[in-house]
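Below is the structure I would like to discuss, written out as structure tokens.
Chain naming follows the written order as A, B, C, D, E, F, G and H, and within any one chain the residues start at number 1.
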């Protein structure tokens, strides 16, 4: 978008024609490969390379998108919501597959810079897959991550024994299903933003994560915001965005 | 119901006729006053006098029911969900009206027996009316009550500063709106039953107490059960039932 | 929590250092085994050993948690929501598996103490698995249990033929799907607390137990509270908590 | 509709022209008065005169419809959902207004024919307005009605004391809010159709009658069907339809 | 229940003792076979033999219940919601299995008595399984049934071509998914009760039958009532109850 | 948007500078008056002048927006969702206020062009306000409109008597609350697009129009689409868009 | 319906008898083949041949309906919601099967007439199956279609690069899951009707397409209407209906 | 919490007794004034003074809390959700009342530090009150705020004309009702965190903000998180927390 002025300037100086300008405005930032428009300007605009959301795409489609990205110079690629089967079918990409988080990384995970860190906490053991999606995403984007798993509020000791870390974190991701109270308790203890991720863990009146979602939206603690149910990637990405601005 | 055998025995011994027996079985425990069947055997069956639910009844109807109760020997009567207007209209009953809890007591509140006590805790200031309905009900039924108001989990210090009381209570009533996490936190700390009362306090996605209700139903803490939204009376009554059995 | 004063006293008397005190406060009551924080103080705080919720945990994780519990002296362990497959994989733990209730017991079920008993009643035959989870949990915790199965209100005779037992129970667990009216009817007959457990049995507008849940929350009978849909364990645990206080 | 053949026969015998036939088919059974199409053939087709649903119509519109009906020979007219204000504004129609049921009758209520009767039962005192709408509708349509009010299942004695009437009724209308269990209990006792009417009475998780509605739809008792929340008129009308066929 | 007086009379005349009377009142109408209370008085009370709801019962349990029924003189037995697998496992009962309706009949279907008939109509082809459950149930209970399948309102001709039958039916069962308008259209044409059965047929915003259910509950046509989604049995049973009273 | 090329051409020909071009691209089509961005290019882009949605705007704000529109040459202005109070406060605008439809027109309603017409039909009398909003909007936009009010499907004769008009309409707007079946029936009869408008008319399980909305979304008739509950304006606007393309 | 006059005329002229007329009115437009009423007049009434909805019909039933259609002169037949299995079983029909869209065509797809075209746009790659159902349906009905896939609003460039096509389309079908914003953005850019199709793509709080559905119903852009979730066929059919009227 | 070590050290050095230590741990950070526990350590823990949520508190209670805060040295106090009536009653506090945002400030709003700024954008004019709550909160906490009001996506030009500001913001708060697409469009353009605030603005299927809430939770754009419906305060507070860390 920032390019608009540049293109207009080129036009003004007669370096490009009107139609070329129009064309530039329209076609540059994407490569259209039929089933997908791969965004190549994203790093410029959003500060991070585009990520491939694996669900609902065939292994062939994913492979094709990776191809385009690589041939445009993107070295490290994150693929989320990737089943074991598709991961197997994509072996030749030499991807690093994390089965629990259903996530693959092509290329290298960078060393985290600086001393700030993100906490990823879960209410229970069953919330770990979503938490790992968040944690690995944040690490892929260059952040340092501390994991505090199974610290649900039904045993407050478990949270309280980590108060020091909670109070020095840069961002906290609170991953919890069932009643989702973890976000409120962490939000009350910490002085940094808390990103709440409801999980679909639970049964009965947990309604696939809706109860946790509602509890988190109603959190009395200030500084808490919420992402979609099971959206570990979104939480990790946002946490990185917030953390980055600290340095 | 226990009377069935007694009635049958009377019948067997020819003290009453078949039709009298049938009649007894049918008509005894209620006085039908047209718009209501006043239950006079309730204390026998349920261990507590019948209570008048004021909502949806006119002042005249309430007055009529009180009349029947009194003339059948019930001295202390609890009237719940009573608006200020109806309370005014019932002045001649010499009732003790609690405006915040929208509840009136005819007669005397008994001295609590023994050392056991019930805790009534709220998440915030706005939950107090429901909590008072619970607390006054429990006191009306002969219980000792401790109130811990505005101890929501967004400031854990507030709960933790009362750990001693929480751990020595006989029953705890946790009254909270919004995300309803108070029940889980108290349930994790206490070793007694926790009765969770969701309140309709809140806005937006609190959906008139539904979010708190769902969170409480999904509580990870053991020993937590839930009553209807804003049902302070139900919680106080149940707490009394549980507390009584301790002695 | 009660330990806080003790730890502070030790500190005051110079038996432990400040850092040891801090450490005690933080790390004692849990053993962190990566994917779980096993609570070892629970019996002290809650009056019952910790229970393993099997769903969402692998057989290996469950085995690891049992290991930690046993090595810390917990002899009898309850594992709920355990599939037949995982139960098979855990054969070497010599657990006693109840297929219908999807629940396993490691060690011995104690003899029930005293004369009080808990009634577990179901509306229909299909509610029995949830009822068994409740009944076995209560028995595991040392209670005497009477089962009244298939006594739904569409045939009132079935409930009424058990009025004597209903009126002498210490606590009643009412397990029902569909319209969930059993809780109200039992609540009207009994003078003890009734714990209502909605089940996901039914079809169409039963919405996986939501209709029963709502009916139970709206029960006109006093002394009724509700736990999550299909939460037999929670009902059994709470019933034990209430029953225990009777002795 | 039955007239089609008659019209066709007239046409065939050249008593009417093709266009007259078409016209007859189209325009006969209704009088279009701009804001309403008043149905004049309804008694033929449906066995009962058309009824005026008062809600959302102005007093003038209602007056106009009554006018058309009367001038077409309909003597007795039922107006439902009529506010006190509109009833006052319609004084000159000499209608008999029932404030509680919000219903007015123009003309005479017929003497009920025969020995069959309809029972209208309510769970509580607050359900009476809806029950009265049902009872008065049934009486308007020529039925004999017995009222059993405040016989909710939380006090089973109240229902059981009327077993004889319940078992000899022709149709039963069960009006209840909250948990709606009355329909199931009556359905289990009676051998006639039970029409369940959920009411919007209640608070919290009663959700304006939805909980009662769901409970009634899920009734385990056979022979129970359900009408819309607070739809006393619909229940009375249907009950009359079923009862009539008995004679 | 009608037996109560008889038992009391016997008692009065000293033909039975008090305890025998009590026993009779309690235990007679049911045979408790552990997992089920088989109701043997049902035909007396409800006018029809008890039916076995197959879902959630094992083939062994069903076989056991059939056993008890037969040994108590019930010759014709209806088993609903029976899967093909269980039907195969129950071959030795010589049941007549209707795969589409998932329903089996043990014994003979009686000849329908009299000239009245029930119409079972469906909106589309996919609604036929539920309709067959209704139709076969009604036939099992001795009714004459006419089937009008695939007459949905999107092609009004299909309904209108059956107006004669619709207007002479005794009861109509309207089975439809999606928008459920069939019940309203039939209700507007017929002068008999219409039992609406929403089906879970559809996709997207049909929400498993909820849309059809709501549309049917809101039907503007008088004389329409609704049973649970996919509850063909309930509709057939109720239709029989209404039809029977005609003769 | 179409202007982009024009602006670029001007730039290319040095008639405007780069910054002027940028400015044009950004600021031209709107007039920002603080609380609103008035769209002045809308007629170019959308083929119709912008309309003022009155709800949530003060009379002053509406007056200000009308001012801007007029001073930019827009003569005829439609204001929807305008309360009687605000209409009174805006008297000096000389607007033509339609109280039932809560809609005002500043300026002239054009003569409809050509022979095509739009039908606006309602299920009942109470749906008329929403229908009028649709009809007046369509007329404001230059269409010919026929009104068919109170033709709900519970009396099929009423719809069928208008079959000729229904079959020659260009577009049909079906306005109905309750069960919303009108859209399906009209969709089955007509060979033109049907725009379904659910209304919030009804009570109980009509849930403020949700039942009608769902029924309409599930319509089996082809050619039916749906707009928001009570959105008469949207339906009228869309109908005009479809009708216009005919000429 | 238009035939009514014709039949009446024949009757008037004694070319047919009254009973023949009645018969004609009733039975002509449908062929009843037991499980289905095949509509043969549809092309007359609706302007397009009847389509077979494959879901819930067996391969045999589909084959039978095709048979009837063909023998009545319908050459090109569209079968929607057809699984691969059924398509295989229907090989002998020589149908052209589109696996992604789960749709088959018997016969020829006509050449599109004229220069108008329909745009089918999707938010993401996963929405393509529903979009293809829409696009192929429109093509089957004789329309020219342009596909714009993966142009979701999270990367506005992708939409903006197609502004020219968007502004010259005759109708736009916007297919999107998740937040469904595509319809609003396209509706704001285009001056033709936009048909929004929510898809069940997504997870968590997308609730199987409900979130997209609601967003689309609430679209601030004028000229947007909505069809059922995943209803590609309905959108394609309606788009054709609107587009056709342009020529 | 950080104080724990300090208190323990004091204890260790015998500067305080065991009981004093216990007391400090319990009572220090709150002042309990009966109806509220005023948090005095909040600035230490959370980096911002406590805020008073005015809803559900009486003017007297608010006045009391302000008293305690002031006497403990808090100079600037924010009171949210304050009605005009209560604001009038609190005149003597010399508060600065913002009627549209229903928010009052006691004391001074600080000068914003540094060059970073927060954008507060709304979809329409009706969303402004919620946006003002957010903007004023952020300003109260020391941030620089830019307001972009009425830039909804139905007129993309309005958003696009502010691309430069959007791309240089530190945090964006997107306030929108109806379909809530603004958050997705802004999230796609910006490279900073976007906090989405659904508003209860709208009608029909907007369900008091639920549609916007769901759309925002399902946003395809990365970096978007959501707060409760109408929670302008929460968004402003969180934005400040994120913005602060930038400097």
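As a working rule, a contact is a pair of C-beta atoms (placed from the backbone, for glycine too) under 8 Å apart; a residue touches a chain by one contact, two chains touch by 3 or more.
A quick note: this is a predicted structure, and the numbers were derived from the prediction, not measured.
Chemist: Give the pair among B-D, A-H or B-C whose set of contact pairs overlaps with that of B-H by over half, matching residues by number.
Modeler: B-D
Chemist: Count the C-beta contact pairs for A-H and for G-H, then tell me which is higher.
Modeler: By number of C-beta pairs in contact, G-H is the larger.
Chemist: Take the average of all CA coordinates in chain B, do the same for chain G, and state the distance between these two points in whole angstrom.
Modeler: Taking the average C-alpha coordinate of chain B and of chain G, the gap between them is 58 Å.
Chemist: What is the distance, in whole Å, between the centres of chain A and chain E, each centre taken as the mean of its C-alpha atoms?
Modeler: The separation of the two C-alpha centroids amounts to 53 Å.
Chemist: Would you mind pulling out the distance in Å between where the CA atoms of chain E average out and where those of chain G do?
Modeler: Going by mean C-alpha positions, chain E sits 38 Å from chain G.
Chemist: Can you list the residues of chain B that touch 2 or more other chains?
Modeler: In chain B, 1, 25, 124, 155, 160, 189, 204-206, 210, 213, 217-218, 222, 228-229 touch at least two other chains.
Chemist: Inside the complex, what are the residues of chain F that reach chain E?
Modeler: These residues of chain F touch chain E: 123-124, 152-156, 160, 177-181, 184-185, 187-189, 202, 204-207, 210-212, 214-222.
Chemist: Flag every residue of chain C that touches chain A in the complex, lowest number first.
Modeler: Contact set of chain C toward chain A: 25-27, 29-30, 34-37, 39, 41-42, 53, 55-57, 61, 198, 200, 208-210, 213, 228-231.
Chemist: Provide the residue numbers of chain H that touch chain A in the complex, in ascending order.
Modeler: Counting only chain H, the residues touching chain A are 1-2, 4, 45-48, 51, 163, 167, 170, 189-193, 195, 213, 217-218, 222-229, 234, 237-238, 241-242, 245-246.
Chemist: Would you mind writing out the residues of chain D in touch with chain B in their complex?
Modeler: By the definition above, chain D touches chain B via 124-126, 128, 149-151, 155, 157-158, 160-162, 201, 203-206.
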